[in-house]
Structures are given as structure tokens and as C-alpha cells.
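Each in C-alpha cells, the structures are laid out below.
Each of the two complexes below includes chain A, the first together with chain B, the second together with chain C.
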Partner chain A sequence: MAGLSIDKITKRFGETEVLRQVSLDIADGEFVSLVGPSGCGKSTLLRIVAGLETQCAGDIRIGGQSVAGLRAADRNLSMVFQSYALYPHLSVGQNIAVPLRMRRLRGMQRLPVLGRFMPGARALARDIDQEVDRAAQMLEIGHLLHRKPGQLSGGQRQRVALGRALVRDPAAFLLDEPLSNLDAKLRVQTRTEIAELHRRLAATFIYVTHDQVEAMTMSDRIAVMMGGRILQCAAPHVVYDDPDTIEVAEFIGSPKINILPVELDGDGRVSLLDRDLGLVARNAPRGGASLGLRPEALRLASGGDAPLRGHVAHIENLGSELFAQVEVPGLGRRVTLRAAAQQRAALGLGTPVGLSFDRELALLFDASGARLRGITRAAPARVEVA
Partner chain B sequence: MTRDWWKHLILILGAIVVIAPFYMMVSYSFKSPGEIDRGEGGFFGRQEMMVDERCVKLRDPNRDDIAAAAPRFAGLDDNGIRAALVAEAEADCSLRPVVFNYKSAFTQAPLLRYLLNGVLVTASIFVIQAVVALPAAYALAKLRFWGREAVFALVLFCLLIPVHAIALPLYIMLAKLGLTNTYAALVVPWTISVFGIFLMRQFFMTVPDDLIDAARMDGMGELAIVWRVMLPTAIPALMAFAIFSVVAHWNDYFWPRIVVTGNRDLFTPPLGLREFKGDGDGSFFGPMMATATVIVTPLIVAFILAQKRFVEGITLNGMK
Partner chain C sequence: MVATHPAPPHVAAAPDHVARRHRTAWVLTAPALVLMIVILLAPVVIATALSFSNYSLGNSGFDWVGARNYEKLFTRSTYAKMFIATLTYVATVVPISVGLGLGAALLINTLGRFREVYKTIYFLPVMATLLAMAIAWEFMLHPSIGMINRTLEMGCGTVLERLWPFLSTGCADGFPVWLGDKRYAIWVICFIGIWQGFGFNMVLYLAGLTAVHRELYHAAEIDGAKSGWDRFRLVTWPALGPTTVFVVTISCIRAFQVFDTVEAFWPQGGGPNKSTYVMMFAIFEKGVQQNLIGIGSAITVLFLIFVMFLTLIQRWLVERKVHYG
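Entry: the complex of A and B
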């Protein structure tokens, strides 16, 4: 086990720059997810860490030691692939044994038939069998050891791939979208299992995914990547509640955060559709900005003081809760609201509704998408005396 | 009657054209020389007893034989004894045509030796072709290196060169090296098969990159990947290539005829057919066709056994 540090990695494929000076420090035993839309460079970064791809600039250190120029085989990392990549001609047991055989047996001892008779090979083979058994027990695939990968279901193959990764004691585990080929139900179950496995092994995990739910549920920290950069790397609740940029806010969270166009006046007062929202952003330039409101920050409001008014355009009922899309005239886009299941009656299609929001939960971004912090509630609006 | 009858008709006609020579070959290997000349006797011939003239001639009695046989034929003069001995020889040398043909095939020429040579040469060629083609195909399919496309273009270009066009320079090179009339002359020119490289490369393109990356993570070097991962997954394609390679070199008459000139111990099976090409006194078609049948049989048996894998390999359906 060891910590791992990625230092200013740059990677170009021809003219296109897929990674731009990416740096990330991962502590020993930490579970870090690299999450981002496809093409953001997350898989390339993982492959560079693994040694399957060489960086154009920058350095990778494992346990403080630079691994520049070291082959993938010599970096002592385990990897689980999206397609599982099991050897189709070997049984499950043999598949799991491969990393041990390649590392512990010498060339002569690995020969197909003769190898068994080489001095010392028997004892080593016995040790390897025991360790394969132990890994199989841990993943509950002991009864499958003699089958071929072709005879297994997707979930079982995935476990075998995990078994092959954890049978030896690597410096870190690299997982490249290991759940994306599983059906939804199995994915939820395996998510829990991988998180528990991480706790039990106390090993360093780097987990690549495009699914923000996987990243949120499993990780100690999430690194959100876009356009070859890490935009923010922090604990899941920080990334969700306190995003640094509008891209991060939009990528994390499902349904997506509502982004509303707002205006800042010279005092930093925020207004939406020419209506003062009672928020002040200090040190913010005058002009256009964006207000981010998570669906759970919005609530139904009655009466004339609701800052947003519109009618219900679409409802998604998830049973435990429901999401209503509200068409607000003048806004040009729908606003998604999370409501408790009991409120269903009040949210019939086409019903006019008023929406207000929790000012503590409002996120403000400037015109370039950077987060504007230090928002305060405005002093009660000047009372206009008639 | 299905509406596709005409397709079947065309296929059946095609099959007849292909099978006819084989039918003749097998049929002639059963018949006596007279039946072959006169074109009678159906497929199996009448299988009447016939006399092997050559056998009788070999036993033609000389003076000593007659003297030695005199006690057995008391009361006959020398001419009488001679006639009796010839009749005895003819009785001993008469046999069914099918037995005659196949016995001649194996006794008149060292056919077993030729078959052994054939096995040795085709097996060596195939093994070395595989040893060369697999790593080359792996590099062309899965490794990124400068000039890869140019190398692959060269491979494709080499596919266009007919063997006969370069036979003479090849022969001269082998002759200068003093390698004519050796096994090496039969094997070495064929050890690099561009067709094999091409076929295996096309198959390797279908193997997922993840599998190779997984092998690298598991600690395999590039050569280990070729032998431990690519070879086992490529067995169907390799079988298909084996059929092409073995058939071509087992049946090859042209090249062995050029490089093996004197030494009969190096004859491959097709060269063995020449043994029955009688020059002055007509050809021995029966034994010749028996030899041909013996030569062809191993290939047909091998094909039937490997048929399923062969078709799999040709259609190149890699891995699911």
C-alpha cells in the first residue's frame, strides 16, 4: 500500500491536448474517484498512472518513488477494466492466479507441462492456489473456480476481474468504469461491495467513472475533470454543496442543478427577472451572473411574494419523492423542483405554482462560471412609503 | 420444390466438376490395367484375378532353378520343368487388381518414406511460419511504432508476388549456399508467410486492447503476451491458416521438383507419383492413382476433423 501523487501531467494525442498539467495527491488508503463526461481525459490519466500510456510531461510518484520509465508490470498496480478483460482460454482460478504466477514463478517454472517438475515449483504453486482460494472466498466465487469466463454472467465476470486485481498486494487499485457493463440493480449492489472491499483492504483506490452517483456514493474524495483539467477535488458533500465552478455544479447532482440568469447591480444586489431576490454578493462586478439552485433548495410557495411563478409542465414520480418541471414565463428554461410525495396533489400538470428558495443554499457564479462566495442576505428591502 | 432449386442445381453441378477427378482417381486405384485402358468395369472394376507381369518376370527360372527343381518334377524334360515353374510363378503372382495397385504403391517406391518426408517438411514449414507470423502480426495489429503502416503495406504488397516469379532467384541463392538437395531447401523459402502474417493480423485486430493491457498489468512482457494470451485466443484463425499452409506444401510438386534433383530419400509424396510414370512401356495408372489416393487421404481426414474450427477461423469472429 502506498500513497500516489500525480504531478503536472500533460498528454497530447497529436494536436489535441487531452490532459493539461493535471496534479493530484492521493493519500495511502484513500478512495478517489475521477469523474467527468466522456472525453474529459479521466481514462487517459488512469492509463498514464498504470503505465499503459506515457505522458508528454509531468511525473507520477508511487509511495514517494518516481515511476517514470517503469513498465506497467513493474509498477505494482492492479487494474480492473470496463470489459473485465479476462483471459478467455483460462479458467476462473487460472485467471486469478496469473498475476501471482507471472511474478513468483521463474520462466522455466511457467512452462506448460514441464514447469510442474522444475525444482521449487510445486511449493510455489501450492501457495498460489491457497491465495487464489482466499481471494475467491472473499468475493464469494469459490464455486466458479473451474469455469471458463464465457460461462459466467456479467456480475460474476466482474468479481473475477476484481479477484485477479486483489489476489496480490498492489500499491494501489485502479478501476476503469468497472460497473458500466452491469445492469442497474447489480450496479447498486456492486457499488456497496466495492466500497466495503475498500474499507476491508484499506488500500488506495483510484476509480474512474462518468457516473456521478457512483462517485458520490463510494469515494473519500471526488476529482471532477473536464477538458483535461481537474476542476475541483474534494469530499463528495463539498463538491455537491460548495462547487467551485458552474461546470462542477452542473455535472454533480441528479436531476441537474437549476441555473437561472440573474443581474447584479452596483451594490451587488441580485435580481432575477427584474425582481430583487434579497441577496447581496460582495466584491462582485456589476452585470450578468448565474444563480444555481438545487431542486431541493426550491419549495412551493403560495401568495404573491414567490420570486418565481409558473405552471407545472412535467412530473417525474419516483415514489419516495417527485420532481416537477416548472415552466416559468420569461426564463426560457424549465426549473426542476423536488417535492415530497405528499405534495403530489398540489402539482397537477398545468397547475400554476409559485416557487421560493432557501437563500442559504443558493449558489452564485460570475459570468465566466467561477463561484462567487460571500453572499449575504440583504437588509430588508427599503420600505417604500407611499 | 423450394424456390431456391436453381441455387442447388448450380451447386450440384459445381460439386460434380470438383469431385470428378477424385472419382477417377479412386476408381482407377481399384481397377486392373486392362480395365483402365478399355474404360470398363464401373467404379470398382470387376476385381478379377490378374497376373503381376513384373513379379513373374522376376521369378523367371534360370538353369540352376530348373536343375534344383528337377527332383520335384520327375519324368519331365527341362522345357517341361520350365513351363511348370512359370505356371507356378504365375499362380503365386496372381492377385486382385486393388491389392496389386496398393501393394505396388507401397513396394515399388518407398512411399512411407515419402509420406514421412511430407510430414516433416509441412510440419516444419507450419511451425516456423507460426513462430514468425504470430509476433509479426501482434506487432502490426497492436503495437504503435514508427513505420507500422509502411510495413503492413509491404506485407500486402508481398501477397501479390507469385511464387513462380521468384523461384529462379531463390533456387540460385540456395544453390550458392550449397543447400539444394537438403530438407532446408524444401523448408526455408516458405518459413515467412505474408499470408499468415496478414491473416493473423486481421484476427488480432478483433482482440480487445483491454485484454492486452490486463496482461501487461499482470506482469507479462510483450513476447509473453504473444504466446500466453494471443496464441490461445487465436487458435481458430491459426487452424485456418494451418489448413492453407499444410495443403499448399503437402501437395506442392513444383518446388520439391526444382530443389530435389537426385536424392530420392528427400522425395515428398507428390514426387513419389513420378515413380509410376513409365517412359517407354506406358504408365502404371493403377498404382499411380493408388499412390495419389494415399497422398490425398491424410489431408481429407484432417480437414473433416478440423472443419468446424476452419470455418470459424475464416469468418474471423474473434471474441465476444
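Entry: the complex of A and C
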């Protein structure tokens, strides 16, 4: 086990720059997720860490040692691939044994039939079998050891791939979207299992996914990547509650955060559709800005003081809660609101509703998308009637 | 069963309906069945029947001779030579042309730019007519004016002569009469067979290589397979299993069918001392040239049995061993 540090990695494929000066420090035993939209360079970064791809600039250190010039086989990392990459001609047991056989047995001892009669091979083979059994027990695939990968379900294959990764004691585990081939239910279950496995092994995990729910539920820290850069790397609740940029806020959270166009005046007072919202952003330039409101920050309000008014355009009922999309005239986009299941009656399609929001939870971003912090509540101003 | 379950009402009309459907099915399959019997099965049956007779084309009648044709096949020394020549050819050409095909495919697969050029060059002999090529080879192999012996002569008197005993004896006593010497004739035929056939195997292997999952190589690297040989054993060779079975079967059948070169080099008689008297040539000589249809058919039946046997082995291998379903 070891910590891992990624230092100003740059990668170009021809003219296109896929990674731009990416830096990330991962502590020993930490579970870090790389999350971002498709094509943002997550897999490329992971493959550079693994040594399957070479960077154009920058350095990778594992346990404090630079691994520049070290080939993948010598970096002592384990990797789980999106396609699982199991050897189709080998049984499950043999698949899991491959990393041990390759590292512990010499060339002659690995020969198909003769190998067993080489001096020392028998004892080594017995050790390997025991370790394979142990890994199989841990993942509850002991009864599958004699099957071929082609005879397994997706979830079982995924476990075998995990088994092959954890049969050794690598410096770190690299997982590239290991759950993306599973159905939704199995994904939830396996998610929990991987998180528990991490706790049990106390190993360093780098987990690539484009599913922000996976990242949120499993990680110690989430690194949000976009366009070849890490925009923010922090604990899940920090990334969710306190995003640094509008891209991060929009990427994390489902349903998506509501982004509303607002105006800042010279004093930093925030107004939406010419209504003062009672918020003041200090040290902010006047002009256009964006207000981010998560669906749970909004609530139904009656009476004339609601800052947003509109009518219900669509409802998604999830059973325990529901999300209502409200069409607000003049805004040009719908606003999503989370409501408790009991409020369903008040949210019939087309019903006019008023919306207010929790000022503590409002996120403000400047015109370039950077977060504006230090927002205070203003004393409710006189409503200026135009 | 029938008694305990009262028949549902619509079953009463069924027998008629089912019979009609059966009739339609037979009518629809009839053309294919007839063609299959006439074109594929009948010749085999007729050849088998003829192999038990002494029939010759043009004779009004013939006699059944029982297994006498087969007896000849297994007792006469000419046919022993036929089996030896055929099996030598198959046992030499198949492994070497498959091995070279695989090697060339692996090498070409690592190339970026000149891939297509190499592919075309190696594939040229496959596309060329073997009969025309045989004439070119005949010139090259000519004992006195042929390019091969001329080239060898250039080595005389150099240091090579001391390193290579074959060359020194050649320089002293004259170089081999390649096509007239029973020690060399079959190997010349084998060489030309390999030269002509391995490009085909290479193309099949190149196709097989495109199906190898790239991520498996990465997995192998992570798992510690450092040498090219380890990766070949762990990923490439198993993935090429189905291709290999196919390539070996095709190569075997093609090797059993070798004929053009023998016919071109030795139109009479199958080589010096019958050393290249391969099965196909024997069928041609007996059945066509000498009009001994009976014995020709017997060799044909034997040939069919060989090929059938190979095909069965291939099916078995494909189903049991190399399809990792």
C-alpha cells in the first residue's frame, strides 16, 4: 500500500490536448473517484498512472518514488477494466491466479504440463492456489472457480476481475468504470460491496466513473474532471454543497441544479427578473451572474412574497419524494423543485405555484462561472415598483 | 396421457392441417434436396460403387471385383510410395506454412506504414497460377543454367565452402539435379507448396488478429506478463485458437490436394522413382490417363475418408476446445 501523486500531467494525442497539467495527491488508503463527462480524459489519466500510456509532461510518484520509465508490469498496481478483460480460455481460478503465476513462477515453471515437475514449482503452485481461494472467498465466488468467463453473468465477471486485482498486494487499485456494464440494481449492490472492500483492505483506490452517484456514495474524495482538467477535488459533501465552479455544481447532483440568471448592482445586491432577492454579494462586480439553487433548496410558497411564480409543467414521482418542474414566465427554462410525497395534491399539472428558496443554500457564480463566496442576507429592501 | 386429457375442440381439424403443412415443407425443400443428392452425394456413392469394380470408360460391361482394388492399394509398392509421398508432403507443408503464416501475420501486425505492401507481397504467390509458377520454378531449378545452382556456384572458392559441407560437395561433384534426384524431388515440391501457401494462412491469421481484444494485452501487462512470449501465450495464441483450427484444416486439405506442381514437373510418372507420386496425381494417372476407373475410384474414396476425418477433427476441436463460450 502506498500513496500516489500525480504531478502536472499533460497528454496530447496529435494536436488535441487531452490532459492539461493535471495534479492530484492521493493519500495512502484513500478512495478517490475521478468523475466527469465522457471524453474528459479520465481513462487516459488512469492509464498513464498505470503505465499503459506515456505522458507528454509531468510525473507520477507511487509511495514517494517517481515511476518515470517504469513499465506497467513493474509499477505494482492492479487494474480492473471496463470490459473486465478476463482471459476467455482460462477458468475463473486460473484467471485470478495469473498475476501470481506471472510474478512468482519462472518461465520454465509456467510451462503447461512440464512446469509442474520443475523444482520448487509444486510448493509455489500450492501457495498460489491458497491465495486464489482466499480472494475467491472474500468475493463469494468460490463456487465458480472452475467455470470459464463465458459462462458467467456480468456481475460474476466483474467480481472475478476484482478478484484478479486483489489477489496480489498492490500499491494501489485502479478501477476504470467497473460497474458500467451492470444493470441498475446490481450496480447499487456492487457499489456497496466495493466500498466495504476498500474499508476492509484499507488500500488506495482510484475509481473512474462518469456516474456522479457512484462517486458520491463510495469516495473519500471526488475529483471532478472536465476538458482535461481537474476542476475540484474534495470530499463528496463539499463538492455538492460548496462547488468551486458552475460546471462542478451542474455536474454533481441529480436532478441537476437550477441555474438562474441574476443581476448584481453596484452594491452587490442580487436581483432576479428585476426582483430583489435579499442577498448581497460582497466584492462582486456589477453585471450578470448566475444563481444556483438545488431542487431541495426550493420550496412552495404562497402569497405575494414568493420570488418566483409559475405553473407546474411536469411531475416526476419517485414514491418517497417528487420532483416538480415549474415553468416560470420570463425565465426561459424550467425550475426543478423537490417536494415531499404528501405535497402531491398541491402540485397538479398546470397549477400556479409560488416558489421561494433557502438563502443559506443559494450558490452564486460570476459571469465566468467561478463561485462568488461571502454572500450575506440583506435586510429586505423596499420593493421597487418599476 | 391421451385418455386423461380431453382433447380441446380445435384438435379435430388438426391432422389435415398438419399433413398439409408437412407436404408444403417437403415441396419447398425438394429442389435443395434433389440438387444435394445429384451434385454432392450421388458422385460419392457412385465412386464408392465403382471402387469395387473393374470398370473402364468405353467398355460395355464390368465385373464386381470385391475389395481387390483396395487390396492392391495396400500391398503394391507403388501405392506405398504414394502414401509416403503424400504424408511427407502434408506433414512438412502444413506445420511450416501455418507457422510461417502466423509469424508473418504477427510481424506485419506490428507494422504501421508498410503493412499493406508486405501483405500484398506475401499474398502474390497465392494469387498466381501454380501451373505458370511451376514453369518459372522449373527454369530456376535447372541443373546447369538454373538460377539456383548458378547462385550456389558463386559460393565456390569462398569461405562459405568451408562452413557449409553441402556447398563444398556441390562444388566438387556438381550441384543437385533438383527435379531429377529422388532425394530432393519431394522437398522441392514441399518448398514450392510452402512458398505458395503461407501467404494465404498469413491473411487468415491477420483477420484473426484483428479480433483480439486490445484490453487483454493491457490486462496481461498489468498482471506482469513482461515478455512478448508471455503475452503471446496468455492472450494472442488462445485468441487465435479458432483461426488456427481453421487454418490447419484448410492447409491439410490443400496439401492432400497437391497436384499442379507434380503434373507440371513430371507429366509422366510422378517424379524420380515415384518419390513425388502424390494421391491426386495417382487418381489422375489411374482414372484418367490409364482409364482404370476402379482403382482410381478406390484412391478417391480413401482420399475422401482422409478429408472427412480432418473435417470431423476440426468440428470437434472447434466445439470443445477453442470456443470459450
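In this section, the second predicted complex is superposed on the first by the 381 of 386 C-alpha atoms of A that agree within 3 Å, B and C clash if a C-alpha of one lies under 4 Å from a C-alpha of the other, contacts with A are read in each partner's own complex, and residues count from 1 in each chain.
By our rule, contacts are C-beta pairs under 8 Å (C-beta built on N, C-alpha and C of every residue); 3 or more make two chains touch, one makes a residue touch a chain.
All values reported here derive from a predicted model rather than from experimental measurement.
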After the overlay on chain A, what do you see for chain B versus chain C, clash or fit?
clash
After superposition on the shared chain, which partner residues are touched by A:Ala73: those of chain B (first), chain C (second), both, or neither?
both
Between chain B (first) and chain C (second), which, if any, makes contact with A:Val335: first, second, both or neither?
neither
Using the touch definition from the top, say if A:Arg164 reaches chain B (first), chain C (second), both or neither.
both
Just chain B (first), just chain C (second), both, or neither: which does A:Tyr87 touch?
both
Which superposed partner A:Met102 touches (first chain B, second chain C, both, neither)
both
Show which residues of chain A both chain B and chain C reach, each in its own complex.
47, 50-52, 71-73, 77-79, 81-83, 85-90, 98-99, 102-103, 150, 164
Over in the complex, which chain C residues touch chain A? Could you list them?
213, 215-216, 218-227, 229-230, 234-235, 238-239, 241, 322, 324-325
Contacting residues of chain A [partner chain C, same complex]
47, 50-52, 71-74, 77-79, 81-83, 85-90, 98-99, 102-103, 107, 148-151, 164
The chain B residues in contact with chain A across the complex are 208, 210-211, 213-221, 224, 229, 232-233, 235, 319-320
Chain A residues touching chain B - in the complex, by the definition given at the top
47, 50-52, 71-73, 77-79, 81-90, 98-99, 102-103, 150, 164
